[in-house]
Each structure stands twice: as C-alpha cells, then as structure tokens.
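To keep things simple, chains are lettered A, B, C and D as they appear, and every chain counts its residues starting from 1.
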C-alpha cells in the first residue's frame, strides 16, 4: 500500500537507487496556482549533501511537474511530480547484498517479499521521503489558502535541548562511528474546529499513523502525551470561557476532533541505524558475520526528518479539511487567501 | 468513518444511551468455530459496575450473534454482533444538554455536526468500545489458531508502578472528586515475520493509529519509544546472530514490518475527563458557567481500557495476517491450532 | 466485501435463514428526520408472500432502528437497521445440502469458501436485498431533500411489453414449472450537474457496478445503451441550446459526469434460477444427479427486483451528491426541501 | 478518484496535451520478469496515426519504467510507467476554448470543476487510456503466469458483422463527416473458480464498472446479457455434469463468483462524439452557436478501444486473483508458468 489519505490522496513510488522518485497527488482542489517554485524549497530543506553533518550524497532533487497543472493552476486532476536520482553509487552496497544490517528493514523485507533490493535500502530508504516532502509542499500551499500553517522544531538531540550542544553531540557521534536520535515538535495553527471523526478516523489517530509511518520514529505524543498519564483530571482538563480554551493540554484535539487550538505533536526519532562501528549480524544464508555500514550516512537524521514530519502533518490536515468541506467553504465564500 | 481495517474490517455502531451497540465484522475467515462463549468473557472484563472503583452503571453487556455463523462455525460472511443497552439513565444528563464538559468531545462534536447527543456522550462515549472488544474477541480467536497471543498489563497509575499503591491512588482521586491516568503495555507473541508494509501501511503506523484512536490515549510508543531518542545507534540497534535478534529495542518491527520478535507497545492514558470538582466552562449559547460531572464515572479508566487496547492490537494483527496470506497458509498446510 | 459506497457507505449482513438481516449506514447527514415509517413502505414493496405470483414465504420484514437517530433525527453517526427473519423453513433445503442448483451460487460459493450454507442460498439469497432496500429508503429520503427523485418501471417480461400480457407470461411459466425474466428501466430526475468523476469513478461506471451487483442482472445500459452502437454520431450526440440539451441519448451522463438531464438506466434480469422442472447437475462429491427446486420461489423475480434497482440507484446518487458537497450546499443555503 | 483496483491498484495521471501520461501500479507481485518489451506492444496496438481510418496524431507512445523493477524483475513495490506526449497541437483547440462540444465531457467538466482544460479534452480525452493499456500489459503478464488469457474481438460496426463491410461503414462515415459505433466482445479463459465476492464485490459487478468506465461505452452484458431477459429458466440455466457446466449462458460467473468457464463480456460503444458535421451547441457564456469538430479524430473508435477493454478485463482479473490468494498459491506450489 503506497497510497495515503482519503480526500487528498498521495501515491508514492521510487527507490533510493532507481531512476526516479515520485508522487501522484489525487484530490488537490482545482484552480490553485502551482509551479515548481512552490515545491523546490521544501525539497531543498531535506536535501542531503548540504553540510558536514549530513550525508554527502549529492542530489539536486530537482522536481518536475508532469500533469495536473494547466496555465499555472491546478486542474483538480492528478498532479504527478518526479525527481530523478543523480548520485546513486550502487556499487557501494555490493558488500551488503547478502548481509542484514541491524536496525534496518533488510531482514524483514527479505522475509516478506522473498528478495531484497540491497542498493541503499531500495524502497525502504529514507530517500523515499522526497516524494512525501514534495506532496507536503502542495498540501502546505493549499493549507495556507485557508489560513492553516504547519511548522516544527527540533526539541532535543541525544537528550540535549540546547542547539549548540546538539551540534556537538552529532559531531561526537560521527567521530565515534556512531549515531544519535532526538525529539521533534510539530504544530499547526489556524486549524478550524471540526476536523477528524469521532470514532475511527480521529484526527489524533490519523496524525499518529502519519508520524509513526515515518522511518525511525518510535513514539508519538499529542498535547501533553505521556506526561498526561501523571496528571489529575483537574490538572489536565482544559477549562473554557466564552472566548475559548484557557489552556491546551489536549494539544488541540478533543474526542478525535480539532477544537480550534494549536495542534501539538511530539515524535521520538531513533538514532540512525547505519553506523560505522562493527555490529553482529547474519547473512541471508544464515551465517553469522559482522557489518560496519560506513558509506554516506547522516550521523543524526533528526534535522532532515523535520521537513518530513511537517509534510505529513500538512497532508493529514488538508485531507481532513477537504473531507470536511472546509476548503470548499472558503472557495464558496470568496475567502481564499 | 466507522469502519476499521482492510482485510478484517469492523464497522461499529451505537450510542451510550441508544438502543444497542454493535459491530459488523467483514472478512473473518470461514470455518472458525464461534459462539457467544468466545466473546462474552472479553465483554465481562471491560464491563462497568463490577467494583467500588468503576462506574456503577449496571450493564449485563450480553452479546447476540445475528449473522455469519452456521452450525457453530463462521461462514466467511459478515458477523453482526449486538449488545443492548439496559441501564442508561439519560435523565442524569439533562443538566448537561447545553453545557460543554472540559476534556470531552462535547464542544468539538457540536462544532462538527451542528448538534449533539448529550446523553452520556452519545457516540463519543467510552461505551462505544463494547463493539471493539466484541470484535477483538473474534480477532483473538483467529489469532490463536495461528499461534499469536496478545496480552497487556497496567504499568503505572498516576506515576505509581506498584499495584497496591495504584489502587490507593485511584481511591484518593475518587474521594477528592478528581481522577488519574496511567500507562499500559500491550504486547504480542508468536507474530510471524512479514506483517506490515514498507511505506504507508507500516505495522507500527497501523498500531499507532489503533492506539491513538482509543479515547483518552495521548501517547504511543513502539519498543523503546521515547527512550530511543536518547540512545546511540550502537545501543539501540538490535544485533543478530544465526538464531535471531539478540535484543528487542525495536519492539518487534523494523522498517514497518514484523521481524518475529515480541511486538511491544506502550500507551499513555489521560485522567478521566469527568470529575466532580467544579470546572470553568461555557454553554452552547456562549455563556460562561461551571460544571461538575458527578454521575456514574470511573475515577481511573486505565484498567477498563486494557481490554480495549488488547482488542485493538488483536484487530491490527489479524488484519495484517490475513492480508499477508499468513492465515490462509496455515489452513492450506493443515497447521491451524 | 460487504460495504458499498464512499461517502454514504452501507455495510450489509445476514443470511436467508439466519436470525436477521441488517445494514449499517455510515455517512448519512445529521439532522434528517427519520423513523421506521420512512423505511417500512419500501420493504413492504419488495416483501414476499403478497400475491399468487410471488413466493409464499410469509415475512413481515419489520425494520428496527438500533442507532444513529436521536429525538427523531439522524445524528450523522451510523444508522443500524435490522429485520428479523420469521418464516425460514430451513428443512425444505435439506435435500439440497450436497446438490448444486444450476444457475445459483451453490457451486461457486462452495469452491470459494470450501463450504456452503445450503439453507435458501445463505448470504447469496435474494433475501439479502432486504438490507439494500432499507438503506435505499434512507437514501431516497436524503435525495428528496435536495430535489432528486428515483423511480422505475418494468418494461417487459419475457419479451412482452404489454402489462396484461406480462402477467399471463408469469402464470404460464409457473404452471409449467419454469420461470421468466425481463427488463427494468430506472431513472432519476432533479439530478444536479457535476456528479461523478472524469476517470475511474464515472457516474455511469458506478451505476453499472451497482446494477450488475444485483443478483440475476445480466446487462446494463445507460441512455441508448446497445442501440447507440448502431447510430451515427450525428444521430447520437445530444445538441444543446441556451436552455440545455435538446435530446437525451446520453442518458444524463457525459464523460462520467451528470449533465442535469434525466438519468436513464435499463437492466436485463435473467429468469429465476429456481425452477420445478428437473435439471441435470452434480453433487459436492462429484456425482451426477437431477434437481428440481420446487419450494417457495418467484416464477418471475422482475417485479420484486424493481425496488432493489431503485434502491441501488438512490444509493449511488446520494453517495455522489454527498461526495460532491451538493447536499452540504443545500444545507448551507437553507434550501433543504 | 484516479485509482482503480484493490489488490492490484493502478493510479493514472496525465492529460491529452500535458507533458506526459502515466500510471503507478501498486500491488504487482514481486519477482515477475518485466521490461519495456512487455508493455510496448500493447501501447502500439492502441496507438493513433497507424492507418487512414485512425487519427493522424503521431505519437510514438514510448513507455519508460521509472520504478519497481530491479535486475529485470518486479520488486513488489510501485511500478511507475510514463509516456511523454509528442504531437499535441494545442492550438488546434483554441476555437473550442469556450464552446461545449456535444457528446463530450466539456459541459459537465466545466460544471463540476468551474473551469476546463479545452486542449483535446484534457483529462477526459481517450488519450488517458494509454495509462490503462500500459498497466493492462503488466496485468496480462501476471495472468499469463497463472494460465489466464484475455482476448477480444470487434463483433460489429454500425450494425455490420462482416469485417469487410465494417471497414466500408467507417470509410463512408468519414467521408460524410460523421462517425459510427459498434460492439466488442471480450473474454477470458483459464479463469479459476472462486474469483469475486458474493454480495458487493461480485465479479460481474466489477467487470461492469470497468467496462462502463471506458469513455464511449454505453452498455455492458455478461454471458447472454439482454437476451437472457427473453429466455425461460429452463433455457438459461447451465446444467452440470461431473465434468462441469454443459453450456455457458451465464458467461462464467454465478452469484458474482467465477465458475471456471470462459468469462464472456460484450460492450456497446457509441459513435465518436467528434464529427465534422455542424452541430447546435452553446458556449460557456450561454450563447448559442454551431460547432464542427474537424481536427484529428477517429471516425470509429471501436478498433482502438479493443485493447483498452482487454486491459480493463485483465486488470479486474489479476486484482481478484491476487485478492483471493490464487497467484500466491501458484507461487507456493511452484506452478508459475
């Protein structure tokens, strides 16, 4: 299943070392002004090869719009976006053809499909998120028209909250041939009330699926999250007055439906699985061996994962807003921004 | 959207104070022995009115099978289960007709639908989980046949891990007209490799959606969860030898696909929103007021939520196992247990 | 898959000789006045036992609303409807336990599921349409509010167009232990422009699926149907003037999207498969035998199929109207009828 | 909605005069040998510009595989195929910018989306079927491995069954500035029993949706189709002996499930809507006018629609076969052909 969403559906394709990555967006409203310039900046944010602490793989990540735009505006028809791979060095992965890297999808993919594209993780590579970020940029453009803004921030790296200290943690991990994880906070403002369903399509449930569906994410919180488990009802409930909620422990969602407050989400990102330090593992023939995945990897994936998490939240919100008729209402009332 | 799952789909219906709650299960394999006795015990575990620390609402929660079973076995056709409501005291809720209870779906439901069934929360009531637990019992019976067992445990209440101390916390909260939350751990053993998809239908993504889709849940972790964000790659990666993984930081899922290890999930449950202490709020006409939701409520919903969380994990796993052909393989090979 | 529709989704359950038949409607708009009286008349129209030319099975087909209605109005939550079976004489079917009736689903169901509920066809019985007709009545009530009306008529029975002649055909078939089929025309007026999608969710494609999904239907036409294959473009194209189309060869749909004209559909219904005349067949053990399915059957199912076809067209139209926001627009503009 | 299928899902994109047409196939089994040579011949069959009686638009329709194939075999991951447009002469359509062509989607598309891509019909063009045919070729390759073959034939053109007479009909229509329609028969052999569901996902229902979802198709029949309406039960039922059915009036499907016989489908194709003869119509501003759509069109689309119909039947069958586990069984039993 490579399709995500109900009303604003994206279908992604492509492998780390294949010809191209891409996405088909189905359900984007008609008459939205859209060009490459709306999408490229988001791709540039997640692009590798931009600094000493990211993977040196040099990918221009230039997006091409193949369909769904006519005279500079969307047509309501599927928007196909592709990004061709440029700097795949598949031979780097030859030694890994038969070896399962710990912490990766190598073993599980092989078990599921009976084979494996060993080149850079194939479809299970983080490079697949290029397609999500491209689609997220279109989603964000739609959201902006109805006054919704998504943003995010890295809260901590390897337990360190101070930005300067964080960079030092990453540098140390790199030098040690190791890696570190961290925590990201994503939020959305301007969200209207009424997004999400009361039972199975709860907005928080959709967000949790989207976030846990990003590789390397191991935990998701809405509002107070795990801290809520240690509060009393009188502390956690958000009282209201005539103007709205007086606090936001709930993170903007009650009973699965947005209440107009800021949507607040936190996610835990595990340390990058690829490390230079030797690790015990086995081959696809069952032999024990040791693997050291030097190559071109990020010692900490957290900063590059930030635009991906933002993209996923944007996709969830435009999907719910379209489903709920919120976007259409703006159009009918002439309120598009 | 009141349908959940792809291959083992459940559609639930019913309100807290309506005639009945129920579920239609579509996709249950044929020829599974099934009777009321397979379902009733799970309902009895989540039933209210069973002790001094749960809601005194007296509901027998007797399940009736309306379809899908012929001569004691499932037919592969939809299984409809209903539980009639017996002890709904709707008049208790008359004072709340126009008042939004903090921490509840009252305000958001009204905003979304333009009206509200104020009787016990209507469809947004925890009572809706009767349907999920009934369906979960059928899922668990299917899973047992292919060797998968789901279980759970309360890990802490209001920050207390010691079981005796926990009960004391609940008692104190009740006396104070307040409420407390806690943390639940659910896990599954016997899970074959290969469940879940590499990109959007990741097994951990599906689990996160299912767990965050339970009312009162505010956080979800897989394996090490948020603790993973503070580990190094060399600490978090699970090394392998010829026999399998040597640790289980990943919680049984790599790259979105089960690896054969125990699936480990933790969820954070907020304190019950209904408390006797007075809280600031507003009415549907915008007037400020104070509300105290005495009534028949649980001062801590965590223990009664445990069978619900188990049911949801069972539903996710049977769904993925059917999709992946795992159940069918057992049938073909004559290995059903 | 026992769910139908996207925005107005119905999930049906129940067998011919089980406890009950039923349907859960998910997606019906809130605040629609709804009671048993809105549904019962449609069920009465398709009910057996009402004349000498229909099956004598005496079923009151009394519907019960289990959920989704509060103070006489829908809540936007799932509406569960059930109809209990009363006059199932399962012992009538004992001789058929191992015998495959020609023209029925007996053989194919057994092949697919490895077993068969031989009592009256189980889930494959025409009795399953009770659930569709009940749901269709709710759909029709919704449609009426936005000015859409669905109706149908029997066009011919066994090639005879004259109503008096038709009844005679059925009587003769009954006397001969045989059966006859016929043609039904269903149409919808008041349909707004814009229903249906340009590529895969074409309105005519959805209608074709719905009609061919009724047991015994073997052909579907939109507008001129097969006659269009013998016309020239200059004869078949519907010219337009400022007021609209000047003819309706297209049957109200162009490029998969409604054009505001009457939607016109014709379906071919095969003769009832159950006949008293002896027919060659085989048993589930592969032995050749002869079967004569006397029992309680309709010598011509066409008249009782008419309300089913109307129900399916109503379900397709309300589904598309909700998806397209047409219903919501009526609400917003205060135009509900 | 531009996605079709459940287990073998295709998502198509692209416009007649856009940059490219394409399809993403999600759910194709892994390890199927696949190259451009498997797809190109099918595209060549539907290609325009190949004779005096087809549109002279010169499109090489060269397919490129962007993803999902590794070392010559499918990976189980999405297969993206694109075909770039080469000979779009958009200026030909300038006079039609504001004019609704009778028999086309012009008016309905404008009504639905509030705008229209007037260049060659945009997304509503028959050129969109390039994507379906490409996907159908992959489906056919999968089907061949489990012994299923799909083929089709033109049965009549403008009422003429004789092939020589048919060509003459088309020539005459072209000379007169008019167009003609016809009837196509598509069938499938080697279909195993058990494909299709008993209630809403009936195999004939899916086929009807697929066929009526092809532009210009106005009628669909399974087996005897409309002729069945004039037969008696004793004539239409297919008797069985120990070896199988003794006739095939049903067209290979009983109760919505394949019975192992040849699947037989007939479709009615309307005459091409674009004709040179002048027709009354209106503009998007409501003015009455006359339109003559000379341009590069087929006086009879029936022959070029044949590979499209075959593709759709192949897509339906592989989808059902995968859903039902039939393909997987062949793999497990080492029986792939």
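Operating definition for what follows: a contact is a pair of C-beta atoms (placed from the backbone, for glycine too) under 8 Å apart; a residue touches a chain by one contact, two chains touch by 3 or more.
The structure presented is a predicted model; accordingly, all values stated were derived computationally and were not measured.
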Query raised in the report: In terms of CA centroid distance, which chain is the most far removed from chain A?
Result: C
Query raised in the report: Taking each chain's centre as the mean position of its Cα atoms, how many Å separate chain C from chain D?
Result: 26
Report task. Please compute the C-alpha centroid of chain A, do the same for chain C, then give the distance between them in whole Å. Result -> 44
Query raised in the report: Using the average of all C-alpha atoms in each chain as its centre, how far is it in Å between chain B and chain C?
Result: 37
**Report entry** In chain C, residues with contacts to at least two other chains
**Finding:** 1-3, 12, 77, 123, 198
Report task. Classify the chain contact graph as line, ring, star, complete or other. Result -> complete
Query - Residues on chain C engaged by chain A in the complex (per definition of touch) - result: 77, 198, 325, 328-329, 332
Report summary line: The residues of chain D that touch chain A in their complex are 1-3, 9, 11-15, 18-22, 24, 26, 30-31, 64-68, 70, 73, 75-80, 82, 113-115, 117, 119, 122-123
Query raised in the report: Which residues, counting only chain C, touch chain D once they are in their complex?
Result: 1-4, 12, 100, 102-109, 111-112, 123-124, 128, 156, 158-159, 173, 178-183, 193-194, 197-202, 204-213, 215, 218-242, 246, 250-251, 253-260, 268-275, 277, 279-282, 286-288, 324
